[in-house]
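In order of appearance the chains are A, B, C and D, and numbering begins at 1 in each one.
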Amino acid sequence: MRGLLVVLTLGMLSSGVLAQPIAIVGGTIIDGNGGRPIENGVLLIEGKRIIAVGGRSMALPPQARKISAAGRYVMPGLMDANVHLVIDAFPFTLIRYEGRYQELAIEAAQIALKSGVTTVFDSWGPHDALMAARTAISEGRVVGSRIYLAGTIVGLGGPFSGDFAAAAKESLPEDFTQRINALWQQNVGPELMAMSPEQVRVEIRKYARSGIDFLKYAVNAHASPMIQFSPRVQQVIVEEAHRAGLTVQTHTMSGEGIELAVRAGVDLMQHCEITLEQSITAETIELIAQRQVPCALLPHTDAALAFYKERAPALPFLAHFALDDVNERALLRSRAVIVLSTDSGVWSVSTLNSAFWKQYDAPQSLLVLGEGHFNWFVAMEQKGMPAMDSLLAATRNIARAYKVDKDLGTLEKGKIADLLILDENPLASAANYRSISLVMKEGSIVDREVLPTQRLLTAQTAHP
Amino acid sequence: MRGLLVVLTLGMLSSGVLAQPIAIVGGTIIDGNGGRPIENGVLLIEGKRIIAVGGRSMALPPQARKISAAGRYVMPGLMDANVHLVIDAFPFTLIRYEGRYQELAIEAAQIALKSGVTTVFDSWGPHDALMAARTAISEGRVVGSRIYLAGTIVGLGGPFSGDFAAAAKESLPEDFTQRINALWQQNVGPELMAMSPEQVRVEIRKYARSGIDFLKYAVNAHASPMIQFSPRVQQVIVEEAHRAGLTVQTHTMSGEGIELAVRAGVDLMQHCEITLEQSITAETIELIAQRQVPCALLPHTDAALAFYKERAPALPFLAHFALDDVNERALLRSRAVIVLSTDSGVWSVSTLNSAFWKQYDAPQSLLVLGEGHFNWFVAMEQKGMPAMDSLLAATRNIARAYKVDKDLGTLEKGKIADLLILDENPLASAANYRSISLVMKEGSIVDREVLPTQRLLTAQTAHP
Amino acid sequence: MRGLLVVLTLGMLSSGVLAQPIAIVGGTIIDGNGGRPIENGVLLIEGKRIIAVGGRSMALPPQARKISAAGRYVMPGLMDANVHLVIDAFPFTLIRYEGRYQELAIEAAQIALKSGVTTVFDSWGPHDALMAARTAISEGRVVGSRIYLAGTIVGLGGPFSGDFAAAAKESLPEDFTQRINALWQQNVGPELMAMSPEQVRVEIRKYARSGIDFLKYAVNAHASPMIQFSPRVQQVIVEEAHRAGLTVQTHTMSGEGIELAVRAGVDLMQHCEITLEQSITAETIELIAQRQVPCALLPHTDAALAFYKERAPALPFLAHFALDDVNERALLRSRAVIVLSTDSGVWSVSTLNSAFWKQYDAPQSLLVLGEGHFNWFVAMEQKGMPAMDSLLAATRNIARAYKVDKDLGTLEKGKIADLLILDENPLASAANYRSISLVMKEGSIVDREVLPTQRLLTAQTAHP
Amino acid sequence: MRGLLVVLTLGMLSSGVLAQPIAIVGGTIIDGNGGRPIENGVLLIEGKRIIAVGGRSMALPPQARKISAAGRYVMPGLMDANVHLVIDAFPFTLIRYEGRYQELAIEAAQIALKSGVTTVFDSWGPHDALMAARTAISEGRVVGSRIYLAGTIVGLGGPFSGDFAAAAKESLPEDFTQRINALWQQNVGPELMAMSPEQVRVEIRKYARSGIDFLKYAVNAHASPMIQFSPRVQQVIVEEAHRAGLTVQTHTMSGEGIELAVRAGVDLMQHCEITLEQSITAETIELIAQRQVPCALLPHTDAALAFYKERAPALPFLAHFALDDVNERALLRSRAVIVLSTDSGVWSVSTLNSAFWKQYDAPQSLLVLGEGHFNWFVAMEQKGMPAMDSLLAATRNIARAYKVDKDLGTLEKGKIADLLILDENPLASAANYRSISLVMKEGSIVDREVLPTQRLLTAQTAHP
């Protein structure tokens, strides 16, 4: 634990603590509102917040520390609308790190931050461990991306349930698999499907107040178009989440699932381009666009699509990726609100070396946290998304979708000072997002060199 | 085929053909309307229909052939609201009899008739083969229970799909498993789940006109509370079936599934007591009762329940039977309309000898066609259903539920002459249904000795 | 059955029956003894046997029917030292044709004959069905390759045992799988491994007199280097087989297995180049060569090796084929006696269309009966075997190995008249074996057009 | 590690260190040579060794510390000829404790010592970890049973190989399963089966000098009568082990396997009563007896046999236990040398709670270290073994079989002072072995209360 306590100094050069104002001067400011960038702009930060944004003529407090961004680009910190900080939910990792999942989450949040993602939204993971990681970061005990979390996906089971890797449990002791499933499922697992609306209401009410930041529920099964909840039960879920002040989002796998989600009044839809067997109809696309329900997309680059296409004859479950592309292009042509997401996380060295992984290891894949979001921009550029739209999809749109735009998402007076300085112009080429020169979170400059501060799954040496 | 052509003379002593009226005299007539039985009654039949029902004083045509039922009980032929004439959909049987499934269906229909069931409603099976069997019987080429059929369950896959025995296909050639699945699925299999309502409409419209007698769709998955279709798609299914003049019924597995079914306006619900994990709420019970949607129950006798209870610790999927009992008793206490069903069929000698079967082989099980319906009466008697209600559940209620009560279900003037003569009073004890003395179908006395006229799955010797 | 009775006229133009002598004149005779071919030779046949072989000057009986082989090549009928006439021992075929396996064997024997193989040695199959096929052919009721058979491989189980496709039995009724396993295993299955030498002796003695033509036993397991029998038990097996006048052959999978086989005094070794993980040592190669125990090889052409090599990373069980090639070349360099074998049989259309088959479907594979032996010659030519040696490997060497060289294997006075006339010189190119112009078996010309006379597995249309 | 260093004081009341002689007086001494016990005997110990054994009249050094054994029984420390200190080789335990297996071995050795077993022979386990545990104990850094170890069973694979739980590896990363398998297999795993005798010799020579105390090889497969090595390879293995000064023992599963073992000249045979399907022939029993090759038996009590018999219909692999009993009784009737063994180890709480374990959890089972050896005596008593023979089987016979009888196995002058004081007479009833009053190892009294000094698998609370 001592290791964690020194992270503050290691991970952040804490300007914020001393409250010396910081002025970022000379760069092109892309403020995340979609307007024309401010050339030779000035951004003034005091403590955790931005106190002014303006042109070169803006007056600076004399004590301000100046950071030159001359020739560079200043933009809001990236956000990722869908990550899984504890994604390697395979037996080896879950056994090896039992009791330490919060450390895995912190490692992941640090990798995210290092790569410019200042806020992540974790939409499936072990509830308590994610809460612990969130708190450790928000209280400044460790540095890392700001975490918002959903805990489980309401209606789905844990890692060893039928929704995920049921076969794995055959060779594991029952007490362990039940214990782990419970860490995910809490009181809102698959048993909800057998309940009446009022029974579901009781459980959701409890779960919505368990410390989560937003609620995600399964409209469809994990990997099939089967529907998990009737509309009236979905309504109960949405109602209770909203009553607790939470935004609601969905896991869907079919066009009909999307219809149900939109009509249930959800605030965001994850991977709404995945419809497995049938592309989304024009009517449903229109509905999405008209209602302006944000869609968190998981687009594949041309290289990744080629990879999946080549392997699909032998591995038919890879076939849907081709359809995803069709849906993404249709959504792009509509006026749908699109937000960046990756479904990514940190995988252990063992997993990355495994035959399992090789099935998915497409070039420019989204799945690896710290890399995936860069590939997202490339993929969307290839599909024709305007550069500014992509940038908004990764900043302001997400903040709005999650109703945290009062504090996050743009470089405006009063907003929290999460920002990146890039060497190259992200509006010129999607590849330029990689040219990160500086990451600031809450007014503090991140020392990216030391991240992650403790290597567990990412340790360079193989396991002992 | 020659064997089939002689069946008429073998299987039925064809009074109807000669049009000599038949008078059944001296018995107690239980006409299937729920009123007081007519003692020493007379039933007059001409051709296929009943032309008069009355007391002993009724005048008889002089040429009438008299059949004495003195000391016996005359009642409508039994109906079974849920059978599967081709139920042994395991690789051994499906391979061995490929191309001959209609013969299996006929064998089953003959076993049903032999045991007093003059009409069966087949709610899942190979579409074309069942149609061929239905026609062979309705045209008098072979004797057997009158068949009404649904073909597949809309939304589910065939025998080798994920809904049934997917593992079996691993060791079978793909062309065979695809061919067989297609015999069941027709154009309305699991692919419908990925479709929009209008796409579904096109397929259902076609299927509803494919020769089926009624339509059954899956509200829930085969063995889980997952929902197959959104309410609006369900509405399309019901609409199109009704438009084609078909009744609609459901496969449900949860209380919420029942709610969806009732609200979709279906005409009958199969096994609505199976809700797997949660008993049906009082509200849903009340809804069923209030809307008077017939429930086809699959009740277990006390002996069967004891069998399942004992084995459930090792075979957890047997656990739901205890809950079924709870639901059945709740439905009985309500004013719900209950109809007899068995989910039964003919199993091959090999299957009956297999380890698989031993898991389900409860005493007094419903699953064996020709036996199951007798056990149904015993089970419902044990649960407290009044004797007359049970009798109506097996006759008039089914005829009404399937909208065939103009011709079937009671012993009334103008109805088709399907009837049984029992040695013992079925209203005195459920066990008395077994005391069949005579079976008449469409005015012809059935020669039960020769049934089934061709033994395939029921051959006494093991396979070669 | 009637279909089978007409086969004689259909399948053979029966010169032999009428006993008119036949003279094949003008061709180059390669008599199968390895000497210089006789150009413009004459071969005189009366009844089933050759009565003279000579040069053009040989006098012919006046009534002799002359067949011109001018510009062509006359050689002994081919023999295949290892086929499986009932090889498609998968559930679909075994269920579909239960009770008719002898018909499958006949179909296969006809395909073999059609492609120039006048004698086959079946080294694993259903004992009684193979005997029935052998008798039907030997008695002239149907035409087909001459069959010699071993029945099962002593020590191994039947098709649904752990030695073959144990998983398949999970979805099949136990009475069926046991019944089928018993057709193969007879009294000499895996249970022998647990017996003492004297117990084994009792069983082998019985089996050796059950009508088989030669005996094959497993030195190694079906697909691993594990050893099935101790040397003293192997000695018992060999002794009892020899005592019954049978040759003995082995199934081996390792160099040590070969050592055991040679030292046990066996008469032939099947696929002795398959040693899975380690190539055969020089000492063992030397032992084989020195003792002159015939090796029936299963060589792969360069094209096939390339196919296996490409797929081996994903399907590791394909890896051994590369080692097979190393061993084959080593055996070729030694003075080992090599005989042609293919391990081939007839596969159903369904199997040929299956994913299973695609794993093995190398170009120029040996596995398809009627094709495999042609590929054998090509493979051995590529490995550098002299053309005449290859020809002997497919004729005289096999006859000697099986101790049937009194009647078969060469074109010599007194031998049975099994022969081929080829358009092209087989000693010039291995590809020329395909240029079959005429097949004669036992002095009768085979009408290859009508073979097979009944198509079962080879029916062009898919199954119904 | 600090925890381990204090173990000496915790685990042993170290008389030996101070070299004050100890005199155990007044008890009945059963010296392990089979002769009449010495009543009111005196045993004098100095340092680690016994310096005198005699009657009450024996003179004692004045400074000797006297321990009264009046009314009690003094016997040699028990030995167990077959344990597995790291037996819970399931994924959960192997992942959780990767890198700490030596700690698991120490925990197990302490449980053994606590229950009176002063010496264990570990015949299958992770080579390096067992060596580390052996050294830690032999150097006095921790207290525990004296360990002799074989490492792997030559010819078998590691925990995730086909010989053990191959299916488990499906859900684990390949680098982990390979790494773990390698810990067991070293250079002498299944790959040896494909090697020639001289190749095997090279590997065995290396392995025999890797620090192991004795060598064990698989004559038969882990759970079938298949044979792993030809006689000449077995000879190589035995030769090389003997050349390195090691005794050799076997894993056999058939009568023929035993014959091979005896004739290969091995020094001990593990579980030679397990022959799976056929009882051992009289000839083989006679061979064992005549050659006096010690048999380490795994006998089941009547209660355990009843348990297995009841479950065998559902779990056929339990059937062999009935045959084991037959073989054990036959061996008892012969003059065979019998030694105690248990095949036991420490199982994790999770394993003990698992469905897997319930299959084997017979009453009075041998499988739990610390309990198994007590049940061994009960089982052999039930089978009619004379009490003194049982005692010798657990002491002197084992010391002789392993050729460590110069130091161990009896209470004689010059032997190492490993001994037990029992409250009840072990020769009166097998149950009395449980009445341990004092355990001495190497002249030091064991503080049994503190054992095991660190609880890992045996921690009372479930895993976190």
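One rule holds in what follows: a contact is a pair of C-beta atoms (placed from the backbone, for glycine too) under 8 Å apart; a residue touches a chain by one contact, two chains touch by 3 or more.
As the structure is a computational prediction, the values presented were derived from the model and not from experiment.
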item: Length of the shortest touching-chain route, subunit B through to subunit D; value: 2
item: Chain whose average C-alpha position is farthest from subunit D's own; value: B
item: Inter-chain centre distance, subunit B versus subunit C - centres from mean C-alpha coordinates, in Å; value: 55
item: Separation of mean Cα positions, subunit C and subunit A [Å, integer]; value: 64
item: Rounded Å distance between subunit C and subunit D, as computed from the means of their C-alpha atoms; value: 53
item: Interchain pairs in contact, sorted by label; value: A-B, A-D, B-C, C-D
item: Touching residues on subunit C, where the partner in the complex is subunit B; value: 90-92, 95-96, 98-99, 165, 167-168, 170-176, 179, 348-351, 353-356, 462-464
item: Sites on subunit A touched by subunit B in the complex; value: 191, 193-199, 221, 224-233, 254-256, 259-260, 275-278, 281, 283-284
